[in-house]
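Next come the structures, one after another.
In what comes next, chain A is part of two complexes: it sits with chain B in the first one and with chain C in the second one.
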Partner chain A sequence: MSGIDFSDPATIAFLTDALTAAGVSGLEISRPGGQLRIVIATGNEARIDVSATSQPAPAAQPLMTVKAPMAGHFCPGSPLRSPAAGRLPRTVSAADILGFLRVGPVLLPLCAGRAGILTKQLAEPDALVGFGDPLFEIEPQS
Partner chain B sequence: MIEIVETGPFNTVQDLGRPGYRDIGVSASGAMDPLAVRIGNILVGNEEGAAAIEVQTFPFSLRFDRRTVFAVTGADGDPLLDALELLSWCAYTAEAGQVLALKHPPTLARAYVSIGGGLDVPSVMGSRSTSLRGSFGGNAGRPLEKGDRIAVGNSTDLAPVPANGLAVIEPAVALREVFPDLVDGALPVRALPGGEHALFPDDGDAFWSQTWKISSRSDRTGYRLSGEPIKPTASIEMRSHGIMPGVIQVPPGGEPIVQMSDANTAGGYPKIAGVIECDLWRLGQARIGSRLRFVRSTHAEARAVEQAVARYVKDVRTTSEMVKRALRAMA
Partner chain C sequence: MTQTFDSRPRFDTVLIANRGEIAARIQKACRQLGLKTVVVYSEADRQAPYGKTADSALCIGPSSAAKSYLNKDALLLAARLTGAGAIHPGYGFLSENAAFADAVEKAGLAFIGPSASSIETMGDKISAKRAMIAAGVPCVPGPDTALADDPAVIERVAEEIGYPVIIKAAGGGGGRGMRLVPEAGQLQEAVALTREEARQAFGSPSLYMEKFLQHPRHIEIQVLCDTHGNAVWLGHRDCSMQRRHQKVVEEAPAPGIAPEVIGPVGQACVEACRQIGYRGVGTFEFLYEDGAFYFIEMNTRLQVEHPVTEMTSGIDIVQAQIKVAQGDLLELAQADVKCAGHAFECRINAEDPDTFLPSAGIITSLAFPEGTGIRVDTHIHAGYKVPPYYDSLIAKLIVHAPTRAEAMARMREALAATRVDGISTNIPFLRALFEDSAFARGETDIHYLEQWLKQRRAS
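Presenting the complex of A and B:
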C-alpha cells in the first residue's frame, strides 16, 4: 500500500497536470477508503455518438465524425450487414452499426448516431486507436 | 417484471443447474449451453449463475415493464427490440414497454435471455433451474406460458451498459483454437472411453468412426442418436448405477443415447463413453437432425479445454467491467 494521499488537493492538481500533459482524458483510482476520478475537460469531448463539434471545416456543411469512445482496436463492418454493404460512400441511418472497437474479447458497437452519407473510414482495420480518434466521417443529410 | 408475450413449448427458466442431489434422484438440470448463460450474465452485470430464460422453441417474445438491462446469447440470429435489429452476445438497455423478440435461429438450437438482476424465482435446493421431470424450480416448475410474469432481481451492477451496447466475441469464435469447426458437416464431440467401452469390439471402432444423427426423440434429458447400431461382444446384465450429463449409453437397440442436462440419475445400459464437460454446450446447441462424430479425447485435452474456457470467461469479466468503468469515467 502506497502512502500517497489521493484526497490531497496538491496530489490531485499534480495528477491533473500530468494527465493533461500526457493527453490522457481521465483516470480513476479506487481504494478501500474511497475513489478518485479525474476527467480532463478538453472542450472537444469525444463520444460514441456523433458530436456536432464543428471543426474548422473547409466545407460549408459540418461533417460529423464518429469517434473512438476509448482506446481499442478498430474493427470496421457490421455482422448485421452483408460484406457488399461495406462500400463507400453509402447512406446510413442513425442506428446503423458501422463497426466495433475491440478491447480483448469485448466489442463496443460504433453507431452512426445520425442519418447521412458515410463518406470516409478514417482508420485502418485492426489499428489501435485512442480515445477520441476519428473513425468515420458522415455527411449529414437534411 | 417481464411478461411472456409469445412462447413455444418447453422454454424454461434455467441457471447453471442443481448439482449434488443425484443420490436422491434429483437431476442436475441447468442450461443446455451453460457457457452462453455465464457470458450473458457477465455482460448484464450479474453473477455468472443468475437465472436466465432458455428458449428452444421459437418465436419467443417478452415485454419489459421497466428499464432493464438484457442480453441474448447462445443461438445465432439477431434479436429484435421493438422493430430494431440487435446483436446477439450484446448487452442493451430496454425501456419500459419494449418487446424483445427472438426468431428461429439459422443454425443453432438454444438462445438465452439474461436479465440485469437475474430472474427472481425461488431457489430450490440451491438452484433456480426448472426441473421439468420433478415439476419444481424455475417458474412454478413448468415451462413458460404466454402471460407469465416473472420477477426480476435488483441489479447490483453500478456501471451502466454503454448506450450502444456492450458485446463480446462469442465463444465459438474466440475459442476457435480449442473448439474445432464442423468436419464435413458433422460436429466433432470429444469423449473419453466409458466404463463398458471394452465390451465393444475393435476398440469401439463402430462407435468412434461413424457419423451419428441426432434423432427427433431428443430433448433436454438426452439425445437419441441414429446410425448403424453397435453391439457389444457379449450381452450383459447390469445393475442400474449412477449416471450424469455427458454419459453415452448403448441400449439393446444399439443406437447410443447421450445424457444431457436433465439426465437420468441412474441407468443400467452399458456406457461406451462420456462427452467431456466442456463440449456439452456445443451438443446443447446442436439441432435435431444435425450430425456429429465422436472424437476420442484424453483427460489432459479435456483439462486444457476447460482451462482455455476459464481464461476466456475471466477475460470477458475483467475486460467488460474495465470497459464499463472507463466509459463511465469518461462520460
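Presenting the complex of A and C:
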C-alpha cells in the first residue's frame, strides 16, 4: 500500500466518505514521511490533519529517480544546450531542467526536483514513455 | 434491403482501454483478426501479463482508476501517441460513457461500441423504456415518464400500478438508486430519499416508478448489429444467481423457457436495435415472472458473461464487435444463428468465500482445468499481484456440454480442479453452490442466492 499518496485530496475525500459510510469515528495513518489523521465529528463533518513527521531524516539519502509525469516522447537535454553540458555524471540543482517530454507540439520540462549528481539517463532519446516510467537517476551529494 | 455503406474508419491498431481478464480477451480477438494492440495500464498494473504481449504498452496514470482507466484525456493521448485507430472500452470503466464515445470519434478514432447517442438514450432509463415500448419490447408496468413532484400525482401513479412498487433513479442501474415501496404509507418518504440519492449519485434527481415483481428471474438477450441496418440476436442467458445485485454465475440458455415464448422477445429486441440505429453488441435485460418478460435496461457494451453465449452460439462476440467497428457487414443472418448445448460461467473473485471481503495479494501458485468443453478467461499467473484498487474478478471459468445437467457436472469437476493459492477466492462458495439441489433443478429467482447464503450462515 506504500504507493498510496495520503496527502492527495482525492484519497483523503475517499477515505472520509468510506469512514462516514461505515460509521467509523476516525483513522490515523503514520508513515516515515508523515501522518494523516481523519476524525469524523458527531455532525458527520470530518477534521483532517495531514502533517509531516518531525522525525530526523535518515542519514543516507536514497537514490532518486526522475519519472515521467505523463505519457509522451522523451527528449533528454535541451535544444539550446551544448552537447558537453549533457555529459554524465554531472552536478545538478533541484531547479535544473534535465529534459522534456514531447506531446505533440508541446514540450513539458522535466525538473531534477533535488540537488545531487545526475548519474544515469534511463530512457532512449525519442522513446515513448508512460506515466511513472524512470527517466533519470540522481545520487545525493556526499 | 438497401445497403448504405458508411464511412467508419478502418484501423489496424486497437487501444484496449481496460484491464484484467477482459484486456487479455480483447487482445486475443485482435490478434486473431490480425490487428495490433496497445495496452494501457495504471501503475498498479505495471506487471500485467497482457502488457508484455501487446504491440505497445503505456502507463497512463497512478493506481486510482479515476486517474488512469477513467481518465479520458490520458486514454486519448495514449491513442494519439501510439497511433491507435480504435479504442475498445471493454466493460465497466468508460464503456457506457457517452461523452467518452463522442470524444473518441471526434478525435478521428473508432469507438468499438455503439454511438454516443445510443449510449445516452439507453443510459437514461426513462428514454430507454420509451424507446422499447415504441419498438414493442415488453416493459414493467408503470409510466414511461419521469415521476412528477406533486405528491398527489405520485400517489395516483402508485395506485394505478398497484403496490408493491419500486422507485428508481432514471440515471441509475446495476442495482443502485432504487427503493421498494410495499404500501402507500411509505411512498412519499421513499420518493424523497431516492430523489436525493439520485441527485447525489447520478447527478440527476429524475425518478420513475414501476411495479415491483416479487420472484422474477433475470434473463438477458444478446444482440449484434452492424452499421448497415442488419441485426441478429444470439440467444438468451439466465443471470438470476446474484448477490447484492452482482451476478455470480451465468448460464445459457435460460432453463425452462420455450423457444416460442422467448423468440418474439428476441425479435422485438432486434427490431428495437434497428429503430434506434444501434451498432455493435448489446444486451437487453429482462425480469421474467409467470411466463412474462419485462424490460429493465439495456447494456450498451460487451458483458462479463458474453462467453456463455459464445459457447452455445459458436460466435466470437468480441471479434464480431471489432468487425462491425471496421464497417463490415454482419456475416450471418438470424437463420444462421444456431445455439446448441448448455454453458455455465463462474466468476472467480479474489474475495473471502464467507464474508466476500476483497482479498488482494500475491498468487503463489495456481491450477486451472483443461479439456473438452472447458474455457478459462483470465490474466493471472503464479506470482501475479492482485491489486486492491479494482474489481475483484480474477478469472472466469466457463464450461459447455450437450445438456444442462452435463454442464453442471462438468462445472463441478472444473471447480474441483481449480486452485488459486496465496489469496482468498470464492471458489469454495462456488463449489458449494453447484452442489445445491434447487440450483440443479434450475429456474431459481434473483433472490434465491441471498436466501441460500442466509440459510447457510444460520446452519
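Quick note on the criterion: the second predicted complex is superposed on the first by the 77 of 142 C-alpha atoms of A that agree within 3 Å, B and C clash if a C-alpha of one lies under 4 Å from a C-alpha of the other, contacts with A are read in each partner's own complex, and residues count from 1 in each chain.
Keep in mind that, in the parts below, contacts are C-beta pairs under 8 Å (C-beta built on N, C-alpha and C of every residue); 3 or more make two chains touch, one makes a residue touch a chain.
Just so you know, these numbers come straight off a predicted model, no measurement behind them.
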Larger contact residue set on chain A - chain B or chain C: B
Mind working out whether A:D96 is in touch with chain B, chain C, both or neither, as first, second, both or neither? neither
With the two structures laid over each other on chain A, which partner does A:M70 touch: chain B (first), chain C (second), both, or neither? both
For A:V106 in the superposed arrangement: first (chain B), second (chain C), both or neither? first
Using the touch definition from the top, say if A:F131 reaches chain B (first), chain C (second), both or neither. both
Shared chain A contacts, counted only where both chain B and chain C touch the same residue: 70, 103-104, 131
In the complex formed with chain A, which residues of chain B make contact? 78, 84-85, 87, 90, 162-169, 174, 312, 315-316, 319-320, 322-323, 325-327, 329-331
Which residues of chain A touch chain B in their complex? 25-28, 37, 39, 47-49, 69-70, 79-80, 95, 97, 100, 102-111, 131
Can you list the chain C residues touching chain A in their complex? 43-44, 46, 56-64, 66-68, 74, 77-78, 80-82, 388
Mind listing the chain A positions that touch chain C in their complex? 1, 3-5, 10-11, 70-73, 103-104, 128, 130-133
